[in-house]
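One chain, chain A, appears in both complexes that follow, with chain B as partner in the first and chain C in the second.
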Partner chain A sequence: MTRVPLRPLARILRARTLGENPDTIERENLRLRHEQMRDKSRGQAQLRLVILILCFFSAFTLIGARMGMLASTEPVEPRSSAGGDAIASGRADIEDRNGHVLATNMQTNALYVQTRDLVDPRRVATELSQIFPDLDAETLHRRFTDGRSFMWVRKVLSPEQVQAVHEIGDPGLLFGPREMRLYPNGTLAAHVLGGSSFGAEGVGSAQIIGTAGIEKFMDSRLSDPEQAGRPLRLSLDMTVQAHVEELLETGVNMYSARGGAVILMNIKTGEILSMASMPTFDPNDRPNPLVKGEPGDSPLFNRAVQGLYELGSTYKIFAAAQAMDLGLLNADSPVDTSFLKIGRKTISEYDGHNYGPTKTLSEVIEVSSNIGSGHIALMIGAERQQAFLRSLGLFSSSPVELIEAMGAKPQYPKKWPDIVTVTAAFGHGVSSSPLNLATAYATIANGGVTVKPTLLAQADPTPGDRVMSAYAAEESVKMLRRVVVSGTATMADIPGYEVAGKTGTADKPSPTGGYYDDKVINTFAAVFPASHPEYVLVVSLDEPVETSGSKPLRTAGWTAVPLAAEIIKRAAPLLGMRPVVEPAGTDALTAVKQ
Partner chain B sequence: MRPVIYVLTFIAVLGLGFWAYRENYATQASLREVAQLQDEIAQLRDSLAIQRAEWAYLNRPSRLRDLAAVNFDRLGLMPMQASQFGVVAEVSYPTQNASIAIDIENTVDVAGELVAAEIEPSGEVQTP
Partner chain C sequence: MTEMVYGSMPSSVREPILSRWWRTVDKWSLIAILVLCAIGLLLGFAASVPLAERNGLDPFYYVQRQMFFGGLAMVAMVVVSMMSPDLVRRLGVMGFCLFFLALLMLPMFGTDFGKGAVRWFSLGFASFQPSEFLKPGFIIVAAWLIAASGDINGPPGKLMSFGLAITVVLLLALQPDFGQALLVLFGWATIYFVGGAPIPLLLTILGLTGAAGIGAYNVSEHFARRINGFLSPDVDPRSQLGYATNAIQEGGFFGVGIGEGQVKWTLPDAHTDFIIAVAAEEYGLMLVLVIIALYTTVVVRSLFRLTRERDPFVRLAGTGLACIFGVQAMINMGVAVRLLPAKGMTLPFVSYGGSSVIAAGITVGMLLALTRSRPQGNMSDVFRRSR
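Then we have the complex of A and B:
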């Protein structure tokens, strides 16, 4: 800055010559200088103020913005307090009674396409169709280019497929994590497990929902996040189930049956150790329901629970048990087996047999006399008979934990004239599922106390109601034992396991009315061991025929009974049941030791 | 006296500030580690689930049945039968006389640990 002198010599000299006071010049200059200095410092002060204002403004803006941010963000839990457990999979596993896995989850990926990001739709379509042979390249390309922005390609991929899709390398191909339900044992216990599919689906995750069987019935329990870590333990025994299914399949093939069902149940707890139905399916790849034809022919149909059949002579023991419970008869009381006519309808024996004028109650069961059972039922009377059958659970759908059981309500006539009383005594005119029958037999075997059939492992079952005296129940089991020892089910007499049971051969009702001559349902309901019953086994075969002899045999004694015998032979040792009598003879090893 | 207290207080504030600063970063490091470990746990849990599924798949009854059939020559596995239950009476214990026949003299009590490799397979098992 150029400094202006206060007393410039030129102006002083000129002022002196003019006779003026040179001090005024100095004062004037001083004044000007002071004005200059004042302006300068005012400018500086103003600048400082502006800076200060800016500082405050930005500070308050910062604080305000931070407060706004805090107010608008989602509250986040402090990470250190997030517990380490129970982040496990979404749906609980299903295990058998011994902890073998029946259903579990697996992490996979779903494939979807953001078509706007596709670089080369043509190439992507071609390569995808090579990875997934069931996709058509042309269709894919058309769908990629028809204006949609998003498209699912696959719901689940195998790791190899994920890698293959990665190698296409197009940015429009994206993966969504998926939890997949896996049934590692394939068809094992398919009808019990049912199946599952995806419910609500998003890119990030998808919900698994049960579509049938116990997966659907227990859906809320299985999808409950609180219980996701604890597997659902079923009463099934996987080993026994595998043997039962193998034998049932063999039996169905051997006797050219349309299908069959087996139920093995613990009579004390009601736990179902094995439930099988043929034909079966793979729950990993659940087939679609049939759109035409009989639903009963679908592999999805659970014959053990949904199959409502007239179960024939297996019902006779109920009439006998009730007659003994009411004190009308005892095991040795004579029963008329000569002739029975209700209205215009004459009751006849199977295959035109004639069992003579009288038989004891025990013999009626042993030879399976229709006429004898009819007479017993008439003694009991319609009302008491209905009440008894109802108390055994034969008139209501089974309370088992399967969604299918709810819809399978046993069928029985609304009116109950004498003819129904008589036919119901030998299992015609009323139909129920094999599971209903197994439950009723379990009640008899359990000393007359009802049991609730269940598919869940039970630690302490609730005791049921008593529906008949222990005496009647015990005598009934003895009669069933006689059926196996010397009656219609001798093939089931397995040494050591004291099998007791009753056969049933029922003609199939024709959809056009009446009954088929050559189509039957063969059932064998067994209790073993007879001296202290533990298990009930029901085997039911649909349209079986035994063709090894000269003429085809369609009675249960030739089809269901040998199958049941084979199942007991295999299953009883697996259940840890020691044969009651000692094994006959010694083999080479024990002989040497002695 | 007062200046000393001021100085000490100032030093204490400095020290606490430094401590708080370090704790803050130590906590953040721990939180990161926890998050990392939780991720690892989740991954391990996933692979555990896969391996359980794999194990169940490899041990499915139909496969074991087929394997038993394929290897029947070597293993001779058959379904379990009722006759395979034994009774205790069939187990051949050594007779009472056998232990009397051996005359044991100068018995001593011994105590110690058995080492598996040093046990010689003996022909007969003595039961008291």
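Then we have the complex of A and C:
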């Protein structure tokens, strides 16, 4: 860098010779240099100032843009604007087939605490423990003061409790609006409805999710905002359901049974008009699942769907129907009932009966002969028998709209030797749920065409596959009618309703292997009216015993059948059925009248 | 020298003060500041009511106070803006000395108002935060020193001002008040930048600041908590930031309505550090954009006017003042939208606070005084850059 001297010698010398003060030259040069420096730094400063301006401008623009982005998004926790109602009124109601409400939503409040705002945590803890006796004042106080800023106290409050909490008057106690699921009929249809609980929870609202039954199975439909206004209509008839539950409870108590299940089904549409299981529970206050013991003992257990039992002699009609369908036999064909031995196992009749050398097919069903059924099954053969039972839906879990049904897959042996062929014919060695049985009977009653069991109200019957000839189905129903008229189920012969049906008394398998002597499952599967079937009723009782006589009676004819009779007697008029007036009855009635 | 021009006015040589002021002052910036002050009052009606209720006072107690201090600040701003650059420099240097002493005495006489940092003097009827007033004074002193270093045979002003900056920053960091410390450092850095800092040195300083930040993060728990809150991707909805974000989202474009906002009830600092959240919630994006535009106007216009300034001191001091004013607003709003980590910093003129608003008034008053259009040295420059 070349520097211009402040005191250039030439100029100084000249100034000196001219007699001027040479310092002015230096001062002038100094001023010029200063001027130059300033110009240089000013140019640089201008550029840098422009950079600063651009920085500030872009920073402010960025903040503005970010504000705009935030403002155009939805808040995480809506507080002021009306965003909370969307979830709150989300879940659709559930109604029975006539529009009676089975499940609805109710406005309520959840209670939470902002501990920082608590004025007097000690007093609040004490008073809360008085309102909610299950809360402990000490624990509450400890949790209020352990440093957390927020805590839930109660998820659902009654209006009285809300008022009582208001009266504590502490600003730290806050209410979160809630919609709770309400089952106004209490225990009615508890196993069908299942239950619900809160899912995602916020201060402003909480999501209701189904935890069991149809609430869980239909969860996406019920919580679909587009269908929130449309209630879910079930096939259940609330009145019939109430009678069925009342009678089942009476029956279970009367016969000291561990439990029982009833299914009443329309054979044309597959609509289930009533489904009951005892013991029961209140879906408003679901009990906790059992952690030990048999799952079947829990009130939450839906015996109608989840209870897989060996259903005994009720299966015999399947063998008879298939034999007629295949043309092997007709109703009057003789069947060997004398003796049957498979390998080393001798098949015996119930209670050591002996039905003589032969019976007609119809009589085999009527007296419920194990040996006769075994012979029929051997005529049909293992493969055709399995295919037939499968086509009746007895080998797969029921397609009904209950979450529990998915897990209840009927059990049957993988290998199918002759002994299984024989025992399956009278309902041993294979187990299925009462609902599977009802569905199979509905197929027979429906003229051999399958129906899909459903809990949703159906407008029209949806025809299924034909699995047997109409003739075989019709003849089977006639045989079932004979069981009621003169067989093992005479107690079910309600005048006017032409009940047809088949009893089943199966020894309960013991968990250690083999079968109990004194523990049975009593089942009665009924079809009515026999002349033009409309309904199937299955009644199943777990370990019932009839003790009114001198010795305890454990056959279905003494337990499940009278219970079924009572149910039909009450339910049939409610379903709008006219009693078929039989000729003999007409005479008697007219005689009395005249 | 006497004017010997024929026909000249015989009376005063100089133009009347007010008309000269009005002719030369940056009117747009002045109007922007007045509007900001009015918005501050408007938001005070919303944001300070919960505070008044918490303290058991008349609901508009703080609005009245803000009106008083805001008026005082406006008067101070106008008075200061009438001063000549020399007078501004004198005022700034004296103010710096005075408030530097006040800052030194804080540990003895100060109070922390239960907020964990000793920043205030309690005067009974009001509190007073010396660091707010120290900032403009420091800027003036630093600009003076750096400008002087550009003169031939001038003092080593850059080094001296740096030493001064470090001293002030340390004092502020000890309170602790990292926000103000950062502002002071930033103000000094912009002056140094415009005053001709070599680029390599600038980069070094940037690196050192980063290192200091990391150091503070490791040493100070107070600081670390805030940074952690910022770095976590999902904001805790029950933190101050969560409430602020929520309020901005709640407000949308046009707000939830005057007085309908909720954030002011939950945020303890709604009337100061998070006033922009209250604005966003009640009046929506519209008002927020207006506020941002007003700050941008003041900063960009002032800086632009300074590009034409020939006097190094005026240029540097003006730059520093405009930058600390702009950056303070930027940090405040940047925090609310989570572009920056949480840092307690008031929004000048809009946030509630006596010291804050009066200091801002003085700062902007000085800025207006320095950006007034005045005759520049060479006519050639004026012609070259004439509009």
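Convention: the second predicted complex is superposed on the first by the 492 of 594 C-alpha atoms of A that agree within 3 Å, B and C clash if a C-alpha of one lies under 4 Å from a C-alpha of the other, contacts with A are read in each partner's own complex, and residues count from 1 in each chain.
In the analysis below, a contact is a pair of C-beta atoms (placed from the backbone, for glycine too) under 8 Å apart; a residue touches a chain by one contact, two chains touch by 3 or more.
What you see is a predicted model; the values in this text were computed from it and never measured.
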In the superposed arrangement, does A:L70 touch chain B (first), chain C (second), both or neither? second
Figure out whether A:N105 sits in contact with chain B (first) or chain C (second), or with both, or with neither. first
Could you say whether A:E167 touches chain B, chain C, both of them, or neither, answering first, second, both or neither? neither
State whether A:H243 touches chain B only (first), chain C only (second), both chains, or neither. first
Give one of first, second, both or neither to describe whether A:P495 is in contact with chain B, with chain C, with both, or with none. first
After the superposition on A, what does A:F57 contact: first (chain B), second (chain C), both or neither? second
Under the contact definition given at the top, report the residues of chain A touching chain B in one complex and chain C in the other. 79-80
What part of chain B is in contact with chain A in the complex they form? 27, 30-31, 34-35, 37-38, 41-42, 45-46, 49-50, 52-53, 55-57, 59-62, 65, 79-87, 90, 92
Touching residues (chain side chain C, partner chain A) in the complex: 150-152, 190, 193-196, 237-238, 242, 245-246, 248-253, 256, 260-262, 280-281, 284-285, 288-289, 292, 295-296, 299-300, 303-304, 306-307, 310, 312, 315, 319, 323, 326, 330, 333-334, 337-339
Can you name the residues of chain A that touch chain C in the complex? 30, 33-34, 37-38, 41-42, 44-46, 48-50, 52-53, 56-57, 59-60, 62-64, 66-68, 70-81, 149-150
List of chain A residues in touch with chain B within their complex: 79-80, 82, 84, 87-89, 100-101, 104-107, 182, 184-188, 238-239, 241-243, 246, 494-497, 569-570, 572-574, 578-579, 582-583, 586, 590, 593-594
